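Structures incoming, each one as structure tokens.
Consider the two complexes below, in which chain A is the common component and chain B and chain C are the respective partners.
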Partner chain A sequence: MSAVRLYVWQRLTAVLMVPLIAVHLIVIIYATNRGLSAAEILGRTQGSVAWGLFYSLFVAAASIHGAIGVRGVAREWLGWRETALNRLMWIFGVVLLVLGLRAVFAVVVP
Partner chain B sequence: MSHPHNTSYRGDRLWLAAMVHRVSGVLLAAFLPLHFLVLGLAIEGEGQLDGFLQWTKTPLVKFAETGLVLLLAIHLLGGIRVLVIENMPWRDGQKRMATLAAAAAVCIAGVFLVALL
Partner chain C sequence: MSTTAEATIDVRVWRGGEEGEYQSFAVPRRDSQTVLDVVTWIQRHADPTLAYRFACRVGVCGSCAMTVNGRPRWTCRTHVSKVVEDGRLEIGPLANLPVIRDLAADMTPFFEKWQKAEGTFVPSRTRHEPLESISPESAERQAADAAIECINCGVCYAACDTVRWNPEYFGPAALNRSWSLVNDVRDTANLQRLAAAASNGGCHNCHSHQSCEQLCPKGLNPTASIAGLKRRTMQAYIRGEIA
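After this line comes the complex of A and B, so read on.
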């Protein structure tokens, strides 16, 4: 993928995640204040289409953003070659996406 | 022939802001798989997830969690800073803005810590 494409994906996912992270931080503080427990988390998420969509979108954006970000750091700080960089990006991105969607499934599907 | 690089920007407040943004991003990327794996415990039932959450009640983990909230808040605010610099007309006071972003992130982590204790 070209550098410009990577840049655009990186920034688009960043913009998308600004409101998502703001909501996430509010939920973190709210849930912690109520005493974090499995019942507290699952009571909010299980069977909720809205939270399912919210977290699925969040996972997708974070996977793309994180994968491109890690690629950039490996390029600038570790001096990796293109092939290795792309391999790292795709493997990390797909692992994040799979684990993330699995987590969403775990807390949303009853 | 290598050229001597001017590295006098190192240690500058905006260089530090870029560094904090990068390091917080790497740490969040490292944390995310663990975060997802823990939530995935719910597949095996509420008890599995609760078992893990009991472990998070220890002071050391609470301290680490506060650090994670700080990382997320500071990466968010630092990211907004980057987006503003890249997409909006330049404005003075960048150093002050970076300091304010850092202070705001510490405040968010502070609110989390109060909710936690």
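After this line comes the complex of A and C, so read on.
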């Protein structure tokens, strides 16, 4: 995978995550300030298409961004070869995606 | 000259190749003395077998760069008074390059990377055609000029952390050269050059630590050139011109 391709994907997902992270933080602050219980939170997220899409997009962007980042760290610190790096990137990305989507599924699907 | 007869500098100089050790010399302190003066004094008066490299002595040729008290410097234009610490100087060969002997580093990898980065001008006209007229005021020419004063001294290459941990990386000088040519409207090899800049050893390795910019004796900013290459390769990738 060419360096510029990885660069573009990592930068684009970073740009995408800036507003997503802002909303995510506001939601956390709101929920803790209002002292919402787990049941109350689930009451708002379950069945919500908007929250489902929001967090699915967030998970997808974070998985791509993080997987490329981990590939870069392994390249510089471990000196791995191209094939091993790409394998690591895909495995890490898919694991993040599955874990993240599972969490989204748990809070959104009634 | 108002030199105190006893005033000396405690100079430690690298002796040997990759393996070796620092050797101490007491060198007379002079007014307006450069680090190259110090090295030359040692070779002429203390040990004629000391190997080092220089040519012009006035900051034009770029051949006398060495590591001085831990930082790469062009020694002919570096005054002892600016770099001496507690009366001591430690002088070694440039870092990130193989050592030939003593203070002479092997510049081969440095120039090989210029080749890999497509750092050679590929003209659009032959010698039989009239010269292309380029206005020095044009934006393109000014962009090319910003990076053009490089003297190939290797200071940026020796200063670069990324070069140190990634032997594949072309380094600041080669990419700075590439950026100069990318902005040269007379050049015809930009796509190959951008492809090289986007390859594994290319501009995307840069962490923007800016040691190159801080230590470049010509005051150039290779980090900015590399950032320019990142932008230009991204545009070329999005247009589908490079993969």
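The working rule: the second predicted complex is superposed on the first by the 108 of 110 C-alpha atoms of A that agree within 3 Å, B and C clash if a C-alpha of one lies under 4 Å from a C-alpha of the other, contacts with A are read in each partner's own complex, and residues count from 1 in each chain.
Going forward, a contact is a pair of C-beta atoms (placed from the backbone, for glycine too) under 8 Å apart; a residue touches a chain by one contact, two chains touch by 3 or more.
These numbers were taken from a predicted model, which means no experiment stands behind them.
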Chain B versus chain C as contact partner of A:A3, first or second or both or neither: second
Chain B versus chain C as contact partner of A:I29, first or second or both or neither: first
Partner chain(s) touched by A:F54 [first = chain B, second = chain C, both, neither]: neither
Between chain B and chain C, more extensive residue contact with chain A: B
Contacts of A:A103 with chain B and chain C, given as first, second, both or neither: first
Set of chain A residues, in rising order, touched by both chain B and chain C: 11
Residues of chain B that touch chain A when the two form their complex: 22, 25-26, 28-29, 32-33, 35-43, 46-47, 49-50, 53, 56, 69, 72-73, 76, 79-80, 82-83, 86, 108, 111-112, 115-116
Partner chain B, residues of chain A touching it in the complex: 11, 14-15, 17-18, 21-22, 24-25, 28-30, 32-33, 36-39, 41-42, 59, 62, 66, 69-70, 73, 92, 95-96, 99-100, 102-107
Chain C - residues contacting chain A, complex: 165-166, 198-200, 202, 204-205, 230, 233-234, 236-238, 242-243
Complex contacts: residues of chain A adjacent to chain C: 2-8, 11, 76, 82
